[in-house]
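In what comes next, chain A is part of two complexes: it sits with chain B in the first one and with chain C in the second one.
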Partner chain A sequence: MLGTAKGRAIAIQVLVVAIAAAALYVVGTATAANLKAKGIPLGWDFLFRPAGFQIAETILPYSPRDPNWWAAIVGIANSLFVSVLVVVFASFLGLAIGIARLSPNPLVRGTARCWVEIARNTPVIVLLIFTYSIWWKLLPQSTEAWHLAPGTHLSLRGLVLPAIRWEGAAWLWWMALAWIVVVAAASRIAAWRQAATGVRPPFVLASVAGGLLMLGAAALSASDGIVVEFAEYRRGNFFGGWQITPELTTILVGLTFYTAGFIGEIVRGGILAIPRGQWDAARALSLRRGQIYRLVVVPQALRAIVPPLNSQYINVVKNSTLAIAVGYQDFMTVMGTVINRTSHAIEGIVMILGVFLVLNLALSSLMNWYNRRIAIVER
Partner chain B sequence: MKWGLGLIAATTVGMLAAFVPMQEASAQSILEKVRQRGFVNCGASQGVPGLSRPNERGEWLGFDSDVCRAVAVAVFGDRTKARFVPLNAAQRLPAIQTGEIDVLSRTTTWTFSRDMAVRFVATTIYDNDALLVRRSANIRTANDLNGLTVCLQGGGSLTEQAIDEMEEEHTGVKMRRVYFDSTIQARDAYFAGRCDTYVTDGLAAWGQRASTARNPEEHQVFYVGHSTEPNGLAIPRGDDKWFDIVRYTVNVLIWAEDEGITQANVDEMLRTTKKSEVKRVLGGEPGWGRIIGLDDKWAYNIIKQLGNYGEIWERNLGQGSPLKAERKFNRLYKNGGLMFPVPFN
Partner chain C sequence: MAPIGSTRFGEATWRAFFGTPLNAALTIAFLGFAAMIVPPFLRWAIWDAVVFPAVPASCEARAGACWSFVVAKSGQILFGIYPYDERWRPAIVCAIILTLLGMSVRPASWTKWLAVVWGTSMAAVLVLMGGGVFGLASVPTSAWGGLPVTLILTVFALGIAFPASIFLALGRRSDMPVVRIGCVLLIETVRGLPLLSLLFVASIMLPLFLPDSLLPDKFVRALVALTIFAAAYLAEVVRGGLQAVPKGQFEGATALGLGYWSTHFLVVLPQAIRVSIPALANTIIVMVKNTSLVLVVGIFDLISSGKAALADPAWPSPSAETYLFIGALYFALAFAFARFADFLERRGANAR
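Up next, the complex of A and B:
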């Protein structure tokens, strides 16, 4: 078997895997033995004991009586919530910055340039702490909150808005969903008619306007189902309503500012990668600037943008662990507390590593799938 | 290909070899490691006035810092042979377990579950948990705290639990929490007005009020939680030699106050004392240090360089400091406190 090149190759690979496995085993057992000698116990049963600590802001329902594993999931949800919002905000902002960087208007170009330079050349933790300290200087004490509109208060305690809820009128949501489907269908039919006849019928405008009218009428007729809840002020604090804390705002604003700077440069690079001929051809078809971007440049630029964008998104997920610096409790913070309360540091760190590995691998494969979808199909 | 295999084999052998001395090293006492290194690694706080905080020259000042210095004096006879590692609540126990620090001297409450993870040696301070709150908030009883926002250090500290306890005891009281990575950030957020109150250890609250508040009179200290907590020194588990040194270092401080031995009179006491115990402990009897594995003068050096328990207290927390905190439970047993020395017989 070792006589052939293929046989040798297989033998070597088997050997390498065996050595790697043996090395891992030795490292594992030696670590376990050392930990035991130092009196650090290993095990996962701590996950099922009650967490016993509070989490200030959560997306999922949580109480200190829940087990540690649920606390971890609540933490993951908090991290994901921040990451998803930042990815969405930073993508749109980054696109705008990238295009603005190429604008013929020097003011627009300069502003975008400043943004990119500040975002790219400052440590993200400094940006976050700076953003957080801005609120302290800018916003008034809660006793002197700015009352921007009825039920809307802005102070150091955060932005308080009236909460609007549809109670018992679930069909309104279904109606809104149906409206979106109708608008999408109208857009497809209009495109098809345009291809066939050369004239684009105003189906989209009609369906948007008609839907809005119908939804408005339906919402008015079911107005008893709409509840507007104003926040109540007692001794320096607001109760009820919809409250956005300075901590969550800081992590969103700070990370979005930072990431948008990087995405802006990626977008600019992608746009510059489009040959001049494409622009000239688009202008020859007398497309407007916005149309050129939307129909010609951006779809082609996406192919150059998506792969580097992938690593920016992964960075967002990783940077979300800085949230505790500005008082927002993410997965990392929750696990830190679990570790401190249970003294299972090794297992906790393994969990943190595992969760971020899985999250980022999932994100990567999603982006790779999208990349394959928009890639040029070679014929 | 041959070279590639050789490289892999060499790497594997190297990795295996790297693990062998590690296991042997864990059998060595921390005392030997400290001696080889030339200084004691002390786990410190992130800056609590009166307990442990670096001044503008980077020297750590405070009660907890001085207690850890006493350990350095016991080993080296030199109070400068202590280095301080600032740690937050979540870092402190793993720092002991991994050997990053030799002694944790940082407002850490001695509890059962923590004592199962590290080894608590002695109680140095009995303290309560307290809220720092603006006088304008008009807090008289715990019920007045309902609906207020509290800034605190997260990470599972006992001060955090004091709020939970208080809510459990006073049904209907519910506070809104804002968690931070360090007690310092929580304090700054409180002084900025993000929160109505800030929770920390009682002595730390007095310290922040005295030294950080623009006008201390605007703030009051409000005790929460029913418990008086023992704050102590902790070391890694399974090292009796090091345990002895740390425990009797603390004992020397309390014992000296009980015997009336101070930084100023320690030389005179050694010369004139008629008590054989005092003479022995202060190093007047050759061979006394060998029992514990130290120099004969170890206890004398501690008192000479740092003073007794009462002196360290007064200098950092008491009348000699801006805090002017009361000693309460931290007085000697004969003055109505809980500090009681083990006899040096």
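Up next, the complex of A and C:
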């Protein structure tokens, strides 16, 4: 049987399965014995017991009386909050850095180069701890806070921003939803008309602009639409507004600095990947400058940019776990506290692994879908 | 753009900085920003700073950076809690590893001998650090710290992960469904997880999973997590290289009567690895930086020993200076390696 290639293949696979089964058996019996010997309970009922610990900064409502599963969700929300903000800030900054790296001005080019080299060659955790340490050195007491802009204060207490709150009626949400449906339908009809007649009617632009105007008018006419709340400073404390702790600010600043450096290099590579002939050909077709960017340069640059950008965004989600280094309570830190308090280590770690796998797989399939949309259609 | 034929230096420079209105505005804005940031930083870091004498009193007198702390504590930051009288051993270990890294940079030195030298040196490194033989005092891994820990973790994790990654990459391309699915699952799971969670699994879960007799100590557990992490990422790099090898190479090898292993080890892999050297170098830089995460599971790497040094109540705890020093160490390692990766990339581009 082992004489044929097929026989060997079957034998190897049986061997692999046998080794895996044996390893699982050893781990399984050892785990059972260890759990019994150490008196560690197993089961999911701890999720429904009160968490009993504070989470200093949350975007979802939370109190220590809430159950552990809600604490976990609050932690996930905190992680996502950090990740989304860092992705947004770092994308814009990275775009600027990528363009600055190609600037004819040596001063601009050199500054961007320094940024990229520091970000790429220093561990994130060192950047975070360093940022956190100078925070306490540079910033003033809250009594002498730096007033950067109206309603924006920076001090040892953290960053205080004006809060923008939505207090409109529910029908506005339904209106926004209807608008999205109309825009999607308009885009389908426009594509269908283009296929039939060769001319693309400006339905999409019209529906987007019309919808925005209507929504804006509705939001303004609703008596309590968008409310901007400025923080008030009374007796050494800030009241109201949007207060961000030093820990969260450190995470945001550090991770954004780090990620923007990487995205800058990706953007630069994407722009450099477009051959000069594309510019010349577009000009020969007498396209206007805006059209050259929109129809020729950006679509091709995106092809080179999106796949590595995808892994950078996933890296942001993974790096957000480093919040533990400065004490911001993200999902990992919250679960660490839950594990310490309930000693359900196995269940807790399974939850950590499961949540991060699901998050990263969801993010990468979203980006892959976008990548397929912009990829070259080979004929 | 400067007109062709204009070679006057001053004119070209003027154009670069003030050629267009946008450029001029950018130059002025950047200069203004630099004027705000650079002088206070230089005043803090150099003019108002104190380096010698390296005693606590020197820092209280000056407003600037307290470099004398870094000077006085450099031994503790670099070598952690390693016994004071034995510090020459981690110092030699660092020297050995850095020298070997420097020697391995020249592509001309990539021979079988290099592997032999690395193997024997790593054995020597373990003996030097751990002791217990040749009259060296025994030092447990829990007392290892600082730069040698960073270097040892990097070198050992990559040294074990690279061969493993080749087998993972081959397994992912295998015709055998069980092997392929197993490799895909392992690679994609590890790549979908933060390194921090793997380190937690290694430090919290492994003691539950394994019988006490099989359980390695904390240092080895962290090393295992780093190795598995590195292997998954390297496997994808190697797979990319394998995909770049033309099909004709496989067919040619088969026509010569070579079997699976001979085809891969004699024909395909040498070409695949040559193609993926720049990507491998980039992954190595990422791993150098990643070793810094082991502080979270209680290994005494550079950051932890820096923190421990800062805890000395006799000093005013100059944390910014200490972390700048540690950051500079990492930067020097990673930057040197990045320049090396650039060199390899240019060399590969020229060779083709």
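Structural remarks
We adopt the following convention: the second predicted complex is superposed on the first by the 239 of 379 C-alpha atoms of A that agree within 3 Å, B and C clash if a C-alpha of one lies under 4 Å from a C-alpha of the other, contacts with A are read in each partner's own complex, and residues count from 1 in each chain.
Just so we're on the same page, a contact is a pair of C-beta atoms (placed from the backbone, for glycine too) under 8 Å apart; a residue touches a chain by one contact, two chains touch by 3 or more.
Please read all numbers here as calculations on a predicted model, not as lab measurements.
In the superposition on chain A, A:365 makes contact with neither chain B nor chain C.
In the superposed model, A:33 lies in contact with both chain B and chain C. Once the two complexes are overlaid on the shared chain, A:63 sits clear of chain B and of chain C alike.
In the overlay built on the shared chain, the residue A:103 is in contact with chain C alone; chain B does not reach it. Of the two partner chains placed around the shared chain by superposition, neither chain B nor chain C is touched by A:194. By the document's definition of touching, neither partner reaches A:291: not chain B, not chain C. When the shared chain is aligned, chain C comes close enough to touch A:13, but chain B does not. Contacts of A:339 after superposition on the shared chain: both chain B and chain C are touched.
In the superposition on chain A, A:120 makes contact with chain C only, not with chain B. On chain A, the surface touched by chain B in one complex and the surface touched by chain C in the other have residues 12, 16, 26-27, 30, 33-34, 40, 324-325, 336, 339, 345 in common.
Every residue of chain B that touches chain A in the complex is listed here, in rising order: 1, 4-5, 8-9, 12, 15-16, 19, 22-23, 26, 89-90, 93-94, 97, 99, 113-114, 116-117, 137, 147-149, 154-157, 160-161, 164, 176-181, 185, 189, 192-194, 196, 236-238. Contact residues of chain A toward chain B in the complex are 8, 12, 15-16, 19, 22-23, 26-27, 30, 33-34, 37-40, 52-56, 64, 135-136, 141-142, 156-157, 234-237, 239, 245-247, 324-325, 327, 329, 333, 336-343, 345.
In the complex of the two chains, the chain A residues touching chain C come out as 9, 12-13, 16-17, 20, 26-27, 30-31, 33-35, 40, 103-108, 111, 117-118, 120-127, 129-130, 133-134, 137, 314, 317-319, 321-322, 324-325, 332, 336, 339, 345-346, 349, 352-353, 356-357, 360-361.
Considering their complex, residues 16-17, 19, 23, 26-27, 30-31, 175-179, 182, 189, 192-197, 200-201, 204-205, 207-211, 214, 285, 289-290, 292-293, 295-296, 303, 319-320, 323-324, 326-327, 330-331, 334-335, 338 of chain C touch chain A.
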